[in-house]
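Structures given as structure tokens follow.
One chain, subunit A, appears in both complexes that follow, with subunit B as partner in the first and subunit C in the second.
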Partner chain A sequence: MNVETLINLLLAGITLGAVYLLMAMGLTLVYGVTKVFNYAQGSFFSWGGYLAWYLSVGYLNWNYWIVIPITVLALFLFGMLFEKAIVLPLRRFPGWDFTVIIVTLGCALVLDNLILVTFGPLSKSTPHLAEGTFTFGEFAIAKHDVIMFVVAIAMLGLLGLFLSKTRIGMALRAVSQDNMGARIVGLPVNTLYSLSFGIAAILSAVAAILLAPRTLLYPLVGWTTILKAFVVIVLGGLGNIKGTVIASFALSIVEIFATYLIGGIWGLPIFLILMVAILVFKPKGLFGAW
Partner chain B sequence: MLKVNNINFFYGEVQVLTNVSLEVNEGGFVAIFGPNGHGKSTLLKVICGLLRPVSGSVEYDGKTVGGLRTQDIVNAGLVYVPEDRHLFPEMTVLENLKMGAYCKNARATESENLDYVFHLFPKLERLSKQVASSLSGGEGRMLAIGRGLMSNPRFLAIDEPSFGLAPNLRVDVFKAINEIRERGVSILLVEQSTSIASDYADRVYVLEDGKVVFEGDSDQALSSEVFRKVCLGI
Partner chain C sequence: MVNTLKTMNKSLLAIGAVVVLSILPIFFHSDSYVMNVLMLCLIWGVVAASWDLILGYASVFSFGHLSFFAIGGYTSGLLGVYLGVPPWIGMLIGGIAAAFIGILVGIPCLRLKGMYLAIVTFSIQFVLPTIIVMTGPGMIKSFNSGGTFGLQRIPPPVLFGYTFTKSELVPWYYLTLVLFLVFVYAIYRIIRSPVGLAFIALRDAEPLAKNLGIDEYRYKLLVFGISSFIAGVMGAYYAHYFAMISPATLGLEVFLIVLLMVLFGGLGVFPGAAIGAFVVTLINEALRPLLEWRLVILGAIVIFVMIFMPKGVAGIPELLGQVYRRFLGTKELRKN
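For the complex of A and B:
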């Protein structure tokens, strides 16, 4: 392997890592605020991708720059509604924290099969956000990849600003740090629960729009991404932002190298093998104060 | 201003509160005494809508609290200050205070309330950029009370304000509470130790085994046999 290949692979890995990070942050945010691990978030990803495809190249042929905000907004509303209609009502029952695992898992199956029924099993492709490549001497990187990286990092930056600077963002952090404290000061906790799902759905939709031109869309595409995001969270430490960032870049670089060296189907198995291997030695994750 | 009628509350099978009734007048300072684990904190949580009683009702300002959402209760000025603080540990002191001013009725007066909190507890101003988890017990207690003040309360229900504090800090905390009361905020607090609180309270209840066993003005309390037996052990 020469230096050019090495650098190209690293760049590809970092780009992919930024997108996994979007998914992982969605899971982390929802878990922090609501204490729910939302298995249906992978299906939010799939539906985001399929909706963008349907509105653009799939059927309606709308301008992609209009399709993107519509998709993101639609998924935001869907995420909010999902929490209100499905997760919130469970909270009244004893043992809901276990029930909700099964329920979100079941919803994921339903949502994925709805895709299969509606759009069929054949994989689809959404447009690249830019055609062509940037070349610097020996190095070449697709313009779409640069956009992927920039947009993903910008989204995370915006999320960080939202959580630290706005009143409602601070309220989300407050609920995740002390739920009872949040109710004592009169935060609208139910609204904040569904807002966290809405934000996770936005992150999933953006991740899908960025990633779909690379991986294609198929009915179970969400599972691949959510499993990878799950591994990222386990290794980074649930709720540990710094650990999650490092884990997602590290894992995606490993994935890219594995794909290059031993073949594409090894991406996900490598993730899971790494997870098991690391958990054997560091049960709390790489940086783990779980 | 606040009327509690025949509250019954259970944790599972265990009855924690039995037919508890009490009343706090506008501008009043009422203390509930009683040994640890006899339902005092539970009573405050029921009053502030954080727990639902099995039967009985809480009337605040002529309206029933039961069935209201906690944010509406805080918005109406009925604010709980917890004993175990329930601060937001990774947020700064200032951010914690800002969260206290989240409800609608508190936003307009947020900066005045902040000035007042810093006037009452100057130490909090110096610590305003530190995260809450780094505070000492006394500082945390001040922050919990200050955060309650940010909600623009007309009624503060304070859970064990002096618990776990050094004697000189206890006096400071009670002085601050009394100053808050002099601004027209009604105070209901629960305490195990009667020593300081009974100097400030104008009315006293004693809760034993979840039942009110004594009620009266605080100057009558010391001469009451029940009060002395339950609270002072003599």
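For the complex of A and C:
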């Protein structure tokens, strides 16, 4: 393997890692605020991708730059509604943490198969955000990949600013640190629960728009993505931002190299085998944060 | 007195159920579709009951139970197809392989907290199909798993010189029924044994149980092994019965269907999961004409059962009572 291939693979790994990070952050945010582990987030991803496809190249042929904000907004509303309609009513049950896992799994089954029913089993592709490549002497990188990385990192930066600077963001963090305390000082906790789901849905939609041109869309596409985000979270630690960032880049680089060396289908297995192997030695994840 | 009556009632019910199950072929022996569905009920009943052992009694969120089913099926199937190992020995080896891997998975996983355990075991189930597909025709020539289409032509079992064939389903049915009864009884004995009592203690009064010196980790590992063994043997039996096993067993669909069986029966309520298997298999078959919509509806049923029937079928009287009190009860009160 020469230097150019090495650099190209590293770049591909890093751009992929940025997108996994979006998904993992969505899961972490929702878990932090609501203590719910949302198995249906993969379906948010799929629906985001399919909606963008439907509105643009699929049927309606709208301008892609109009489609993107519409998709993101639609997913935001869907995420909020999902929490209000399905997760919130479960909270009064004893042992609801188990109930909510199964219910979100059930929702994933419903949402994924609705995709199959509506759009059929054939895979779809959304447009690249920019055509062509940047070339720097010996090696080249697709413009779309650059956009992927920049947008993903910008989204995370925005999320960070939102959480640390705005009043709503601070309220979200307050709920995640001390639910009871947040209630006592009069924060609208139930609304904040929905908001966190909405934000996670936005992150999923953006991830889908960025990733779909590279991996294509098929009814179970959300599962592949969400499982990778699971691994990132297990290794990085739920709620451990630094751990999540490191884990997602490390794992995506490993995935890209494994794909290059032994074939594309091994991406996910390598992820999971690594996860189990690491958990044997470090049962609390890479950083022992939980 | 009341207690003896209760146990008597229960044993009467159990005997009644066995009698009904054993005379069913008299009515349906000519209808191969119904016989197939009945056998599926019995097979999945055992798998669901073994899953309930770990999910409901040991309260371990193990979501990878079907991996052990598949491991048993593939082990026995590969041994039968390539090495000519007799199915009975294959089933035993399949069960042992599943138990071995179950314990191997359990060792790191049981140290994890509930949520993480669910993620990790669930992920293991999702990685297996890829590994199975990869050890298919393209990669391994002489000992391959059959890839996406599954391992085909798995030999049927032979008993006292009689070879079970697909043209005669009644012997198959009784064989399945015997396996079902043996395993369900075994699970019942496990629940009633000190091991089972230790679990119930851990589930219902964890601090006290731990103070009494119950070693949670060891017991949970033990049940991981036992339930994986049962799932593995049933997986092997399933493979020999259908003469094939494919990675589709590990998909989200089968996963949620079997989970739904456990939920329908109520978590940690003994014969519940086995009964749930009958209910869910029949619902699943009834939904087949709806084609792709079947899975959408099944998912909706999962959500419905979790929200409205948290105790499964056993909770139905209570649910009806609530509905009654809410919509009719108040009127009666007013009349009085």
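Convention: the second predicted complex is superposed on the first by the 290 of 290 C-alpha atoms of A that agree within 3 Å, B and C clash if a C-alpha of one lies under 4 Å from a C-alpha of the other, contacts with A are read in each partner's own complex, and residues count from 1 in each chain.
One rule holds in what follows: a residue touches a chain if its C-beta (ideal position, glycine included) is under 8 Å from a C-beta of that chain, and two chains touch if they have at least 3 such contacts.
The model shown is predicted, which means the values in this text are computed figures rather than measured ones.
Of the two partner chains, subunit B is the only one that A:Gly181 touches; subunit C does not reach it. Once the two complexes are laid over each other on the shared chain, residue contacts for A:Ile273 go to subunit C alone; subunit B is not touched.
Once the two complexes are overlaid on the shared chain, A:Pro89 sits against subunit C while remaining clear of subunit B. Contacts of A:Ile147 after superposition on the shared chain: neither subunit B nor subunit C is touched.
In the superposed model, more residues of subunit A are touched by C than by the other of subunit B and subunit C. In the superposed model, A:Ala171 lies in contact with subunit B only, and not with subunit C. Of the two partner chains placed by superposition, A:Leu81 touches none, neither subunit B nor subunit C.
Once the two complexes are laid over each other on the shared chain, residue contacts for A:Leu116 go to subunit C alone; subunit B is not touched.
By the touch criterion stated above, A:Leu163 is placed in contact with neither subunit B nor subunit C. Shared contact residues on subunit A (touching subunit B in one structure, subunit C in the other): none found. The touching residues of subunit A, counted against subunit C in their complex, run 37, 86, 89-90, 93, 95, 97-99, 101-103, 105-110, 112-114, 116-117, 220, 223, 227, 230-231, 233-234, 238, 265-266, 268-269, 272-273, 275-276, 279-280, 283, 290.
Residues of subunit C that touch subunit A in their complex: 61, 105, 107-109, 111-116, 118-120, 122-124, 126-127, 130-131, 133-134, 252-253, 256, 259, 263, 292-293, 295-296, 298-303, 306-307, 310.
Note for the complex: subunit B touches subunit A at residues 48, 50, 69-75, 79-80, 82, 85-91, 95, 98-100, 102-103, 147, 150-151.
Residues 167, 170-171, 173-174, 177-178, 180-189 of subunit A touch subunit B in their complex.
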